[in-house]
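Given below, in the form of structure tokens, are the structures.
After this come two complexes, each holding chain A, first together with chain B and then together with chain C.
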Partner chain A sequence: MKAALARNPILLLTAAALLFYPVVFTDAFYRDIGVTFLLAAISASAWNIVGGYAGQVSVGHAMFFGIGAYAPLLVYTVTGWPPMAGIPVGVILGCALALAIGKPSFRLTGHYFSMATIAVAELIRIFFGTWAFVGAAIGLQGPAVGRGWWDLTFRSEVPYYYIFLAVLVVLLALTWTLERRRFGYYLRATKAGERAARSLGVPVRSTKMQALVLSATFTSIAGSLYSIKTGFIDPESGFGILVSVQMVIIAALGGAGTLFGPFIGALVLIPLQTATNTWFGGGGTGLTYILYGGIIVLIARYEPGGVLDLWTRLTSRGGRDHAS
Partner chain B sequence: MTKSYALLAVVVAAALSVAAPALAADAVKIGILWPLTGNAGAAGLASKAAVEVAADIINNTHPEMGDLPLAKSAGLPNMGGAKLELTFVDHQGNPSLAQQLATRLITQDKVNVLMGAYQSSCSFTATAIAERYGVPMMVGDSAAGNITGRGFKWVFRATPIATDYARAYMRFIGDMKKQGKKIDSIAVVNENTDYGTSVAAEVVAEAKKANVSVAIQIPYSASSTDVSAQVLQLKEKNPDVVIFISYTADSILYMKTMKNLNYKPPMVIGDDSGFSDPSFIPAVKDVAQGVMNRSAWVIGKPGSVTYKINEMYKAKTGRDLDDTSARNMQGFFALADALNRAGSTDPEKIRVALTQTDLKPNVLMMGYNGVKFDNTGQNSLAATYLIQLHGDNYVLVWPEDHAEAKLQWPMTGTK
Partner chain C sequence: MLLLQVVIGGLLVGAIYALFSSGLTLIWGMMNFINFAHGEFVMLGMYVALLVVVWLGGGPAVFGFAAAFALFVLGVVIYMSLIREVLRGPMLSQILSTFGLALLLRYTAFWIFSANFVSLPQTSLSGTVDIGGVLMPVAQLVAGVVAIALTIGLHLLLTRTTVGSKLLAVAEDRQAAMLVGIRPDRMQALAWGLSAAAAGIAGALMATAYPWSPSVGETFGLTAFVVVALGGFGSVPGALIAGLLIGLIQSLSAFWLGAIYKDIVVYALFVALLWLRPQGLMGKA
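And now, the complex of A and B:
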């Protein structure tokens, strides 16, 4: 990774920009957008492992996000421990859920996995909405006022920013490593054609399973980070279909199945979302959605491979021109 | 000599007239968070129009508005006539976005106070930001009990909440019993999201305290397209009063299904929401005759202050004010009153002024017993009326000392 950084000036610049963003932008609102961006990049990158690399399009990843989001606040509500203590609980439950869903649905090919994930996520959302132990429809709250740093209730956005950034770096480094190992080839072979991959000796089902578990782990962590920062979770913001859809959109927008695709997708979408809402949100005209939707349609129509694809095409053409 | 005096006078007058605008106080900025798009967008937009009317009443002279605070003067007199400047943001019902927008209003737009945020989930997160930055926030209309009561210093809520509604129902049932009506048991039917769940929980709890037996509680999904099973359950338990905590389509569906299954309890009480929706009366007017509903807002007789407020609102939107937007409007008036008494945009002074709020019923537009915040920030004098469907309109029937018409019991409906 270090060598890659040195080779690629854009990567180096991005890393520097990420590192110094909260130093340059001292306004809390811009820092908060930074945190939102990182969270979107983490969850989309986590989705990308199974949805992008392995080509198993989950539209119900909110189930892992929601479980991860509920765990810290539930642990806090029940035991009074710092919410942080719930992160591993969320990861364990998320992985268990991944195994439970992957086992039957990975036997089948095609859209069954997508369908199963939507159904399970919706089921959990409805179930949580009526289950009093998890606050039913009203949801759960974190500590109203932080009791110490271990509650992770900071007044400033900066600590959240660096915690989120660290998680994103770990996730991307892990993805980068896996991409270059046998597992990465198995993933791409699975995506390209399961039957062909199997005939070549790729353990398709266990590859898909491992990808899903890994993806669930990081999506759950993203959920935990979200609820610890927000200090509140309810069924809609944890398990809502929009939570899942946003992960898919961001990854697809940037370029699914590539290391930096989800990152770039979040880089485009989150500022766009914020800007349209800031400029047009107060009138209640819904112009935000129209603009937001319009740009997504444009990209999907003219650049289905995502922004990263567009970038590669532009730079490689530039390179050729330069060479000739 | 006189000539030069005259000249001096002219110069002074000119200087004053130039200086006057510079002396006028800076505007007081109020940041308001509501859902302006999405599922609850209609409620947010109605409330937005309502506080715009309220801001007009405060910023300009409206002597016709009687005792309403700050109506007679232009702007806030204690702040040199400072005007209220409103900034609206759309949180789309997303708690995380509400948090981000509250941060933006405080740090970027530098608002002096906050107001919002309709959905309880968004009020939870936005009030936490207000508390974090030490900016006063007025919650105009969010019912979840623990929005206040988290030990926050900067959060105030003018509206009655689920406990107040539940108490009102129980007092009403108590009054009816005193009049000799037979009420042995009640049933609670609630939609199963946060609104229905929280109100139903309070109704059941208050019923227990009031020694009223709850024959059955039926939670259901507001998107149901068939509620005959639920109605059959009610029919079997045969309660004397059924309290519905429902949204629009489902409340209409219940009324129609009850008629189809030939079931009519002695009394139905609707908890505002669906029963107050403009489409409710035209859809089920006949079967719902005599249905009770909750509202702290009553348009009042022509010539009354509330009637004039409604006329202003109607001129702007083409519709009557409803209970939700009127409660937000009342919260806004209470906030403006505190800002004026604070006489400064210093957050701590505004906070102290809010804690000292003491509005009597005669200066309110709503049927509260007053506005006075307890040490959790909740309005301890919040209350609600009960209205009843007579013909094409709801009329105020309870409490008796405010009643416009005589209560009908049992409900007539058509069986």
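And now, the complex of A and C:
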């Protein structure tokens, strides 16, 4: 990875920009955008492992995000321990859920998996909305005032920024490593055609399952980071369909199944989202989702490879096309 | 007596579920494609009915046809402009296309009609009727019966007519269908039209009897998934039986457990089905 960094000036510049962003932008508004961006990039990169690399399009990843988001605040509410202690709980539950969904639905075609994920996510959302133990429709709250650093309740956005950045780097480094191993080839073969992959000896079902579990792990961590930072979670912000939509749209916009696709997608979408929310005011959320729907349809119809693919095609065609 | 009313009410709603789910299963069976916007088609059918009643003052027959026609056209247009292209693309595109479409339609409806619940003004179907001591609203009764008739009609269209044979031929083997002079593209466009029309008219029927808001599309879409998963992918008779069954289960769980549990029970049934019999009750393994 170090060698790759030295070879690629764009990567080096991006790394520097990410490191110094909160130092340069000291305004709380911009720092908040930075934190939102990192969280979106983490979730979408986690989705990307199963949705992009393995080609199994989940439209209900909010279930893992929500489980991860509820776990820390539930652990805090029940035991009084620091919310952080709930992160592994969320990961374990998320993985169990991944196994429970993957096992039956990976036997069938890809559309079935998509259908199963959206139905299970909705089931959990409605169920959490009626379950008093997890606060029903009101949800759960974290410690109002931090009792120490381990509660991770900082007044400034900066500590969150660097924690999120560290998680993103770990996730991308892991994805980068896996891409180059046998598992990465298995993933690509599975995505390209399951029957052909199977006939070449690729263990298709277990490859899809491993991808889903890994994806669920990091999506759950993303959820935990969100709820620890926000100090609050309810069924809609944890399990709502728009949580899933955002992961899908960001990954697809940048380029699903590529290492930096979700990162680039988040780089485009988060500022766009902030801008539309500012333009349309509080009542603009509906318009934002119309915009999301439109973007998704356009990507599906015209640019399934996303921004990265478009850029590669434009640059590889040479300068002549640019002049025209 | 109250239980009997709950059972009949459940079956009547179930008949409408069966009608719109048969549209979803038609597309699934023909091109191995799940339309995530199908519930939104039902929702649009409801608003078409409302607009026709408010603007033109048409009766149930008029707005029923209007909803079917409007959605048929929409279905064909969506197929021609979007689905035909993404069918050739990667699976990501196939799933994203209708998923994005669902968001676009749902939130455009929110934007235009607001999130408030609405219902049709009084129609000729208002009032109740006494069937052997059970009081049923006329609208529910008519909507349910018409929905069953239309679902059976769709099944007969597919199995007893030349057009139906052509549709099934394309579903069976696209290449072979082309060899005998069938144009698969036209047949698939027709299937999208029929599928959306079934959703649209189901929406219009639903609108006569129940209030709604733009978010019903999401609920109906998921209900249709459950019905299709239960009845078997691509089977209209399966959708009919499964639709009636889901309506009944929903109605009984609302009666015994409380209204908020009716969707939980149905989705939980879906998860159980996923584990035990993913090919559906009547589907082939």
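The definition used in the following text is that the second predicted complex is superposed on the first by the 293 of 324 C-alpha atoms of A that agree within 3 Å, B and C clash if a C-alpha of one lies under 4 Å from a C-alpha of the other, contacts with A are read in each partner's own complex, and residues count from 1 in each chain.
Keep this in mind: contacts are C-beta pairs under 8 Å (C-beta built on N, C-alpha and C of every residue); 3 or more make two chains touch, one makes a residue touch a chain.
Predicted model, so just to flag it, every value in this text is computed and none were measured.
Undergrad: By the touch definition at the top of the document, which applies to A:S105: first (chain B), second (chain C), both, or neither?
TA: The answer is second: A:S105 touches chain C but not chain B.
Undergrad: After lining up the shared chain so the two structures overlap, which partner does A:I33 touch, if you call chain B first and chain C second: first, second, both or neither?
TA: first
Undergrad: Kindly classify A:Y289 by the partners it touches after superposition: chain B alone (first), chain C alone (second), both, or neither?
TA: Both partners, chain B and chain C.
Undergrad: Which partner does A:T130 reach: the first (chain B), the second (chain C), both, or neither?
TA: A:T130 sits against chain B and chain C alike.
Undergrad: Contacts for A:T14 in the overlay, against chain B (first) and chain C (second): which applies, first, second, both or neither?
TA: A:T14: touches no partner chain.
Undergrad: Given the superposition on chain A, which partner contacts more residues in chain A: chain B or chain C?
TA: Here the partner covering more residues of chain A is C.
Undergrad: Have a look at where A:T312 lands relative to chain B and chain C in the superposition and call it first, second, both or neither.
TA: neither
Undergrad: Determine where on chain A the residues touched by chain B overlap those touched by chain C, and list them.
TA: Common interface on chain A, chain B vs chain C: 129-130, 286, 289.
Undergrad: Spell out the part of chain B that touches chain A in their complex, as residue ranges.
TA: 36-37, 41, 44-45, 48, 87-90, 92-97, 99-101, 103-104, 106-108, 120-121, 124-125, 128, 131-132, 144, 146, 150-152, 192-198, 219
Undergrad: Write out the stretch or stretches of chain C touching chain A in their complex.
TA: 28, 32-34, 36, 82, 85-86, 89-97, 99-108, 110-111, 218, 222, 225-226, 229, 260-261, 263-264, 267-268, 270-271, 274-275, 278-279
Undergrad: Could you list, by residue number, the parts of chain A that touch chain B in their complex?
TA: Of all residues in chain A, those touching chain B are 27-29, 32-33, 36, 129-130, 136-139, 141, 144-145, 155, 157, 226, 230-232, 234, 236-237, 274, 277-278, 281-286, 288-289.
Undergrad: Along chain A, where are the residues that touch chain C in the complex?
TA: Touching chain C: residues 51-52, 55, 57, 59, 101, 103-105, 107-112, 114-116, 118-120, 122-123, 126-127, 129-130, 241, 245, 248, 252, 256, 286-287, 289-290, 292-301, 304 of chain A.
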